[in-house]
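All chains are identified by letter, namely A, B, C and D, in their written order; residue positions are counted from 1 within each chain.
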Amino acid sequence: MEKSAIRDPGFYLMIAIGLAALFIGPLVVDMFTIMQVTQYVVLSVFALSLGYIWGFGGILSFGQAAFFGLGAYTFAVASINIGETTIPLILSFLLPAAFGAALGYFMFYGKLSDVYLGVVTMVVTLIFWKLANHTAGPEYVIGKARLGGFNGIPSIPTLNIPGEPDAWLDPAQLFQVFMAILIAVYVGLRLLIASDFGRVSIGIRENETRASLLGYDVRKHKVIVFSIGSGIAGLAGAMWATYQSFIDPNAFGMEMSAKALVWVMAGGVGTLVGPILGVILLQWLTLKLGMMELLNSFVVLGAIMMALVLALPKGMVPTLRGWALTGWTLARRGRGAARAKKPGEEGGAG
Amino acid sequence: MTTINRRLFIKSTGAAAALSLAAPLVARAAADPIKVGGLHDLSGALDSIGIPMNQVFQMAIKEINDAGGLLGRPVEGVIYDPQSNMSLYSQYATQMAVKDRVAVVMGGITSASRETIRPIFHRFKTLYFYNTQYEGGVCDRNEITLGTTPAQTVRRVIPYAMNLFGKRVYTIAADYNYGHITSAWVKRFVEENGGEVIETEFFPLDVSQFGSTISKIQAAKPDFVLSAMVGTSHLGFYRQWAGAGMKSQIPIVSTVFGAGPEQVILTPEEGNGILSCFGYYEAVDNPTNTAFLARVKAAYPDNTPTISEISEVTYEGMMIWADAVREAGSIEREALWEVMESGKTYDLPAGKVSIDPKTHHAIRDVYIAELQDQVFQIKEAFPQSQPEDTQMVCDLVADPEANKHYEISL
Amino acid sequence: MTEVEGYKILRTRGLTMQFGGVTAVDNVDLDLNDGELRCLLGPNGAGKSTFFKCLTGQLTPTRGEITFKDQPITGWNTHDIVNLGVGIKTQVPNLFNGVSVYENVRLASRRKHMPAMAREIAEKMMEKCGISHLARREVGLLAHGQRQLVELAMVLAEEPSLILLDEPAAGMTGDERDRLAQLVLEAARGSAVIVVEHDMQFIRQIAKFVTVFNRGAIFREAMIDDIMRDRAVQEIYLGKQANAAA
Amino acid sequence: MDYFIVVALEMVRAVAWLVLLSAGLAIIFGMMRVINFAHGEFLMLGGYTVVTSTHAGVNEAVAILILAPLSVGLFGIIVERLVIRRLYGRILDSLLATWGLSMLMIGGVTLIFGNTVEGIASPFGGMAIGAYQVPIYNFVLIGFAALVLFGVWVVLKFTRAGLIARATMQNPAMAEALGVRTSWVYMATFGIGSGVTGLAGGLIAPVTGVVPTMGVNFVGQAFITVITGGAAVITGTLSSATLLGTISQATTFLAGPVYGDAALLLVALVLLRLLPQGITGRIFKRSL
C-alpha cells in the first residue's frame, strides 16, 4: 500500500493499459462501445475521488455527490454562459474544491468523526438536492442558464478544443480527452499518496492520535485531503454533464453518493484500481440488467450487492491480491522446499 | 374487428400481395425484422406508469405482426428498462439509435426523461414518439407528440369547474416544470373566465405530509382546489384531505390525476368526485375503444392494466406509425413525416386524432370525467382540440430545423 | 516543592481534570527542570495517564495552568504543543498499524527535517532501539514489546525537549528492558524526561527524584531511596489507599 | 385563534410523525450501532402488510397493531440471522448490505404484489376545531408515538430483558462473561426495532400512498432524526424529533414545504456541528 509508486510495476501496468485504451481504443472499437466506455471513464474519476479520501485519508463521506453535482452544475452554468468549455472545466474543479475546503473546515475543526461525519455530508447533499429541485420557476436563472429544477439543464455544450469554442470534440476525441484526464488523476493521486503528504494522510487514517502526537495538524491535513477529493469529484461531475449534455438534480442524489460508496467498497478500499474496477463491473451489470427483461433489475442488483458485501468484504482487488499472493507463496514454497529458508528482507525501504 | 383494423388488414394484405409479385431479392429482406424501440420505466419509482405503457406497446407489435407485419417484414420490439434513471435513459437511447438502429422509438414518461432522449434521437435522426400528456412547448420535427397539453385540458376543465363550483380557486402543484407551467395556465384560464386564483402552492415531489396545506386551504376557503400534484408521495394529499373530512366540503379538480394508477390506489371514499381532464378514459364510448379494451383484456388476462391516456396514446403511436409506414412504403423518417403531416385523421380508441403539421402535436378529442368508485365517468367531450399552447411558439413548417423545448411564458 | 534548582521547562499550577463527578487529576502543582529525569509512580487509576493527556492537549483540563518553555499552553491543540517540543509514548502504543516500522519512525523525524535528514535520523533511531531488523515489517503484526520500542524510536526521532513515557517497559523481555533503561538515561542527557512506570526494577535502574500520585493528587515528592522506605507509599501500592489517604 | 390551535396541533403531529418514522431505527442504531439502510423498506413492508391483510378481510386495527409489527419483526429477525449478524462492528458493510436489501425488497414487493395496491382509507374521519376540519387520525398518530416511546422506556428501565439489553450494548464482552448470550440479545433487539418500524409503517399506511418505493421518502428524515438525537434511544429520538419537527413545521406554515425541509436539514447540520455526538452525546448524557 505504501509501496512507492515509482517502484510498483502495477502502477506502470495501469498507465500502459490506460494509454493503450486511449490511443488504440477508437481505432478498433465501434462508436457505440466507445461512448459506453466513456461513461465508465467519467464515473471512474468520480469513484477515485472517494477512493482517495476514504482509502488514503480515512474520511468516509456519504455525500460525495454534493461535489459531483456542484461540479456538474458549475460546468453547465459556466459553459452555457461563456460559450466555451475550458474555463468551465477548470472552475468545476476549483469551486467544489473550495466548497469542500469550507465544509471540511466546518467538520474537521468541529471534531466530527465517524458516522456523524457521514451524516453531515449526507445532509449537505440532501440540501443541495432539495434546492436544485426547487429551481423549476423561471426566476432561477444564472446568466443565460435556467436551472430548471427537477427537469435539469438541457443542451450543455460538448467539450471544445481550448481557445476554439466552435471546435467541438467528436465522441472518439471526447473519449480520448476523458481517458487522459482519468490517467492524469490516477497518476496524480498515486504520486500524491507516495509523497510525504500522502504518507502523513495514511498515518492519519491509521492512527489520528499518533499523527497529532507527532505534531501533524490532523484537521488541516484532512481539510486538504477532503478538498482535493471534492475537486476531483467536481471535475467528474463536469465530465458527466458534458458527456450526457444535460444535468438534473439527481447528480446530487443520495443514490449517486451511495453508488460511489459501492464502487469503492466493491473494488476495495485502500486501492485506486479497485474503485475503477468497481465502476466497470457494477455499471456494466446495471446496464445489462435493464436490457434483459429479467424479473426486476432491482432484485438482481440488490442481491448482488448483498452477496458482494458478505462474500468479498475487503473488495475485489484486495481479495484477488490476497489469492494471488497465497498462490504465489504456495508455488514458491513448493519449488523452494529444497532450498534453504531465505532470510527476511532487511534494511531501510524507500 | 374494428374499423381501423379492418382497414389496416386490407392495406397490409394489399402490400403483401404487391410484395409477392416483387423480385426474390426483396423476399430476403423480408426476413429482416423492422426494429421498434420501447423505452418505458419497468422498475423504480415510475414503473406503475411504465409497465402498462410497455404492455400496450407489446400488444401493438403483436397486432401489427398478426396482420402480416409491415412491408412484408415482421416488427420486432427492442425493449430496455431505464429503471427510472435518467442516465440509463440516455444510454439506452444512444444504444437504440446507434447500435440497434431501430426505425422508431416510443417512450419517455417525465419531461426530464424526454429532454434527455429527444436530443439524442434528433442527433441520430431516429424518429421518436412521445406519448405522455405534458406541459407543451416541444418544437422538434423528429418528435411526434400525441399526449394532451394544458391548452387542450386545463382550458376545458377550468370553465367547467367554475361553472359548477364557483370562481375562487386554490392551486396546488408539483414543484417542477410541469407543475409551474400548468399552474400558469390555470391562472390564465381562471382569470379569462372572470375568476381568481387565491393562492398557488408548489410541493417538491418527495413531500408526503400535507397537514399544514390542508389547514391553509381551509383558511382560504376556495370554491375548489385545483391539483397538479404528481407522483406517489403526493397521493398522500388526497388521503389526508379525505381523512380530514374535507371531501364533502371543497371539491378537487386535477389536471393530472389518473395519468398513472392513482384512481386504483385511492379507496373509492377518498377518490370519489375528483374531476379530471384527459384525452382518453376507459369510459370513452365508441366501438374502437370497446374492442381495444377487449383485446387488452385478452392479451393480459391475469394482469390487465388500467388504461389511461398515457398507455392508450402509446398504442396510438404504434398504430399511426404503422399506418404511415404502410402508406409511405418505407420506414424513412422523411417519407413518414409526409404522410403524417398530410392532415390524415386516424380513428383510434380515444376518438379521432390527427397530427398538426406545424407542431407535430396531436389534434384530438378531450374529455372531462369524474371519478366514481375507481372508474372515471365521462361528463363532457370536446372534439378536435388544438394544441394551442405549442402552436404559439412553434412552427415546424416555417422552421423545420427547430430543436427546442420552449417554456411558454404567459 | 522541589528542591532542585534551575530552569523550569514545565510547570503546572492547580491542574485539575474532572469527568462528570470523578476527579482524575486533582490540583496538581508540578515543576520539572530542564534536563531532569523524573519518575512518576502511583497505583492504577492514580491519574498519571490523564495527567499526561492534559500535558499533551489530548484533554483540556477543567482548571489550572500548564506552562511549557515559559509559554502558557493550557487549552492548546495537541499538535501545537508537540511542535513546541513534547514527545509522548502513550500507555497503549499509538502506532500507524498498517505501515512499516521504518515508515512509522520516518514520519516522526520528517516533521522537523527534510527527507534525506529524516531518513538518516529514522535509521539511527531504529538502530539505537535495536529494531533495525524489523524495519520493513508491518507494525500491526509485531509483539507488544517490539511495539513499545517502535514507539520509543518514534519519540526519540522527534528530538523533543520534553519526553513523556507512559509505562515504556510493559511487555518487554529482560534484555529489552535493560536496553530501554540505557536509552532513557541517554535521552535524559539532552531532554527533560518524565517516566510513568510500575516495574520497580526498571525504576531503580533510572530514577533519582520521584513524584508519587494517588487519587489524582501528588502524594509525595522525594528521592527514590526515601520513597522506597516510605511506609505510606508502600501501603497505597498494596491497595490500602483508604488508610494512607487519611 | 382556532387557526393557531390547528397549527399547534399540526406541529405536534409532525413531531409524532418523526418519532414514529425513526423509533425503530433509533433502537437498532442506538443499541447496536448498525445502520439499517433498508429502514424505509421495513416501513413499506409494514404498510403492505396492513393493506393486503385488510383487503383479505382482516380488521384494520388488528392489521395495524398486530400483524404489521409481527410480520416485520419476524422479517427483521430473519434478516438479522442471515445478514446483519455477519456484519457486527462493521458499520459501513452493514450499511451497504442493507442498501442492497432495500433494493431487493423494493423489487421483491413489486414482483409479488405489483406496484399498485389499493390503499385503505384513514379511519375516523375529521372533526371540527372552530372553522377548521382536522383528521381525528392525527390524534391516533400522536398517541401511538407517545405509546411507542413510553413502551420502549418501560422495557429498558424496568424489565430484566431491558437490563440485559442495556448491559450487552454497554459492554458485550462483560455481558457474555456473565452468561448473557449476546447473539440472542442482538437478534431480539433487531427484531423489536423492526417490529416498531412495522407498527409505524402500518400506522402511516392510511395517510400515505402505499407503493413499493415509498420508503425512499422517509429514510432520510428518519436517519437525520436518529443521528441528531444521538445514542440514547428515547431522549435522543424525542428531543431531536421535537426540535426538528416544530422548526420544520413552523417554517412550512410560514414559507412553504421546501423551506420546511431545508430548515429541518439546516437545524440538523448546525446541531451536529455544535454537538458532534448528537444531542444526547452532550446533554441528557445518562438518559436512556
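Keep in mind that, in the parts below, contacts are C-beta pairs under 8 Å (C-beta built on N, C-alpha and C of every residue); 3 or more make two chains touch, one makes a residue touch a chain.
Just so we're clear, the structure is a prediction, and the values are computed from it rather than from any experiment.
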| item | value |
| --- | --- |
| Touching both chain B and chain D (chains) | A |
| Most distant chain from chain A by Cα centroid | C |
| Centroid spacing, where centroids are CA-atom means, of chain B and chain C in whole angstrom | 77 |
| Mean-CA-position distance for chain D and chain C (Å) | 49 |
| Cα-centroid distance, chain A relative to chain C, in whole angstrom | 43 |
| Approximate Å spacing (C-alpha centroids) for the pair chain A, chain B | 39 |
| Of all residues in chain B, the ones touching two or more other chains | 43-44, 175, 202, 204 |
| In chain D, residues with contacts to at least two other chains | 107, 110, 258, 261 |
| Arrangement of touching chains [line / ring / star / complete / other] | other |
| Touch relationships between chains, expressed as pairs | A-B, A-C, A-D, B-D |
| Contact set on chain D toward chain B in their complex | 3, 6-7, 10, 13-14, 17, 107, 110, 114-122, 125-127, 131-135, 137-138, 206-211, 213-214, 216-218, 249, 252-253, 256-258, 260-261 |
| List of chain B residues in touch with chain A within their complex | 42-44, 79-83, 85-88, 90-92, 94-95, 98-99, 110-112, 115-116, 119, 175-177, 179-180, 202, 204-205, 405, 407, 409 |
| Interface residues, chain A side, partner chain C - complex | 1-2, 196, 199-200, 202-203, 205-207, 209-218, 344-349 |
| Of chain A, residues touching chain B in the complex | 30-32, 35-36, 39, 130, 133-134, 136-138, 146, 148-152, 154-155, 244-246, 248, 250, 286-287, 289-291, 293, 296-298 |
| Touching residues on chain A, where the partner in the complex is chain D | 60, 106-107, 110-113, 115-116, 119-120, 122-124, 126-127, 130-131, 134, 254, 258, 261-262, 265, 295-310, 313 |
